[in-house]
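Chains here go by letter, A, B and C, matching the order in which they are written, and residues are numbered from 1 within each.
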Amino acid sequence: METPDQIRDRLLSRFPGAAVSLISNPGPAAQHSLLLDAADARAIATFLRDDPGLQLDFCSNVTGVDWPDREIVETTRTSTPDPAGGPAKVVEQKTKRLQPGCLEVVYHLYSVALLHGPVVLRLRTGNRSDQVSLPSLTPVWRACEFQEREVFDLFGVVFEGHPDLRRILMWDGFKDHPMRKDYVEPDDYEWEPTPHGDVLAKAKRHYPTPAPAVVKEEPKP
Amino acid sequence: MSFSDPSPLSAAPGASVRAVHDEFHGDLLEVSMGPHHPSTHGVFRMMVTLDGETVVKLKPVFGYLHRNHEKIGENTSYLGSMPYTDRLDYLCSMTNNWAYALAVEKLAGQAVPERAEYLRVILAELTRLLNHTCLAGFLLQDCGASGTPLMYAFREREKILDLFESLSGSRMMCNYQRFGGCRVDAPAGWLDAARALTDGYGSFLDEYEALLTGNEILMARTQGIGCLSAKLAVSAGVTGPLLRAAGVAYDLRKVDGYGFYPRFDFRVPLGAHGDTYDRYMVRVLEMRESIRILQQALRDIPAGPIMDPKAKLRGFRPKPGEVYSRIEGPKGEIGFHLISEGGPNPYRYRVRPPSLINLTILEDLCLGHSIADAVVILGSIDIVLGEVDR
Amino acid sequence: MLGSGLLQGLAVTAKNFVGSFHDPKRFVTTQYPEEKTRLPEAYRNFPFLVSENAEDPMGTLRCVACQICEKECPPQCIYIEKSKDKKPDASGKQQIYPAVFDIDTAVCMSCQICVEVCPFDAIKMDQVFELAATDRFTGLMLDRHALAKPNSYFHQLHPTEAAEVDDRLATERKAAEEKARAAAAAKAAAAAKPPAVPPPPPAVVPLPPPVPPAA
């Protein structure tokens, strides 16, 4: 099979206006992925499915990943040579940079016809609040139908062109998206005999004194 | 209103049976089957619209067993997720364990000793026997053969579960595989017991097939029912025996060759029509091939360590990276997608559930058949709700 | 012939029916609770705490309240509070002990991870399965008095594993004792004879002095 690099180059020559970039995977598995822009995603997906050299006709796995906003601290060192001939003066400068968050949808494609794979596609939303729509790939691979519904349900990515975009695992009246990293579960604490960590803090809020964690032991006769 | 597009249906629970008036086609009947229906294999619910007895629309409703397994996985250490994978497809905990262990091993670049790989193959094939035997029993139960075939299946299943229990300590929630090997070695006499079971299983299958395969009622209920085309099956991501019953030769044991499967000689049975009978038959033939794999594996299993000496149980932190790894579970392709940021917990933990994705084609298979056939088709898809809802 | 498959199936059920009266291969059920099946040695159910001495279970718990199992337990069903004081353990060493050790068996999923991560072989799996309680909170919540079982009980349940653990612990204790004895002897020798000669030079070659920064 072609390497992700070759696939990207071929996609760029076939779709000159599209933005396709390679995301490398530092782990030992080295499954590198292709980041597509939303506008051309469906055309590219159709091409990947129908191209005789690739024939990625089987979309195995669709999943979402939540990347919240991150503050990245970068340290830059500048050394200025001392004009008097002493040791060079090194100045460390820390800059904080806000990496904006996004929601990411990952597709793992295989070919049943040619028995190769995986080719990993990634799509990213503009942000995590109001620009959360992406084109649905369900018209290309039917396998995305339930999995995209799941990503919509648990992450809140809106798939345009999905035939039946409803919540799948949570109930229809549910408001939030539980798989997001900043999801706060509703405070419906029930008494637990062995609370830990967050649950213990919650327990103390609900039962101020005495905290239920301190279970009095009664020595057996 | 057209025939193929009945009025928008109420999804409200409790509105179980409601007649929809349609001036052209008479009354359509909307039936909520499940979540507490004996034929839906757990808490699965189907909103079925019927014209007489014929299914004209079928929408599955999920989530009654949802516990957000993936969120739990993100908040638990890598090791701590292992017992939770038992509870995905609770009939096949050994293959779930293997799929997860394999994904983490690929993420961390860990090796597995030879004996452990053999044990994994043996346990996975025993799981396949167990699952397919149960499936045949459930399918017959769904056809209306109350009790007998299912009890025969459960009698044999119990023998395999006894093996699992004496090896791992638990019948169903095995929690046996570890990253870099297996938890404990097989106790004395275990391999001999497994050999005895494998040698006796063929005669059970002969008996079971004498009971079922040529049975005219089974044939009448399953042949030509719920035909799945190869093109739709591939596009819809259907995997496992369903895909092979549709005539597509795609078995990950051959395609990916994970574990030690390339060392064994076995064939991949394929169906010709993709109907319910083919799905039953492909599973019976797969069981026969599993017995062959088991015989070879139990013959060749070497002595040696079962854990990679470099494997860490506590404080396991893989380097940043990402992996998608899949194996051929009894129900289809079970995969794990893990993203590590270098911490003790996975940043993203995703399960590719074969049961859920195989249900994509449920409506396509059931349209035009009677409601009784829909039950049989669902039975032949083989779902476990622990995995569908996660 | 139509119906031959049915007849063949009926022959199978007839064979099974008759066989269930005389063929031992088909006697697969047991008359529980009068009759009980033998549990395999590996069978696991809920954890218990191993104590060395049945006479004084609280004084001889192997647990030193390190809280590793509490941290690793996937459903978080263990709750431990460390003691403020120290007590001598089985080998006479002063150790912290668990002042509170609770396991909520209603939450426990019998996964055995606490057993695997315990560095002191202090927690092992029990085999009691006939557990029932009328109250979910108090009846299924086991404290350290209910959890403590003597080592002889562990031997009874898992003989192979228990023998292995005892061997390992005995070796470890012997090694620790020897080390302690050697250390004590060295200390005594050092106290008796003040060093008259300077200590011998270290075997390793010392690092060269740091190079002064270039002018």
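Note that in this section a contact is a pair of C-beta atoms (placed from the backbone, for glycine too) under 8 Å apart; a residue touches a chain by one contact, two chains touch by 3 or more.
Everything numeric in this text was worked out from a predicted model, so none of it was measured.
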(message) With centres defined from CA atoms, tell me which chain sits nearest the overall protein centre.
(response) B
(message) Farthest chain from chain A, going by mean C-alpha coordinates, please.
(response) C
(request) Pick out whichever of the two, A-C or B-C, is joined by more C-beta pairs in contact. (result) B-C
(request) Indicate the whole-number Å distance between the mean C-alpha point of chain A and the mean C-alpha point of chain B. (result) 27
(request) Take the average of all CA coordinates in chain B, do the same for chain C, and state the distance between these two points in whole angstrom. (result) 33
(message) With centres defined as the mean C-alpha position, give me the chain A-chain C separation in Å.
(response) 39
(request) Quick one: which residues in chain B touch 2 or more of the other chains? (result) none
(message) Can you tell me which positions in chain B touch chain A when the two form their complex?
(response) 11, 62-63, 66, 68, 70-71, 106-109, 232, 234-239, 248, 250, 255, 318-326, 333, 335, 337, 339-340, 347-348, 350, 352, 356-357, 359-361, 389-390
(request) Within their complex, state which residues of chain C touch chain A. (result) 70, 76-79, 100, 102-104, 107, 137, 141, 143-146, 213
(message) For a test of understanding, state which residues of chain A touch chain B in their complex under the given definition.
(response) 25-29, 31, 33, 57-61, 63, 65, 106, 108, 112, 115, 118, 120, 141-147, 154, 167-172, 178-179
(request) Going by the contact rule at the top, pick out the chain C residues touching chain B in the complex. (result) 2-6, 8-9, 11-13, 16, 28, 40-44, 68, 72-74, 109-113, 116-117, 125, 160
(message) Under the definition above, what is the set of chain B residues touching chain C in their complex?
(response) 76-77, 79-84, 148, 152, 155, 158, 162, 165-170, 173, 175, 183-184, 187, 207, 210-217, 219, 313-314
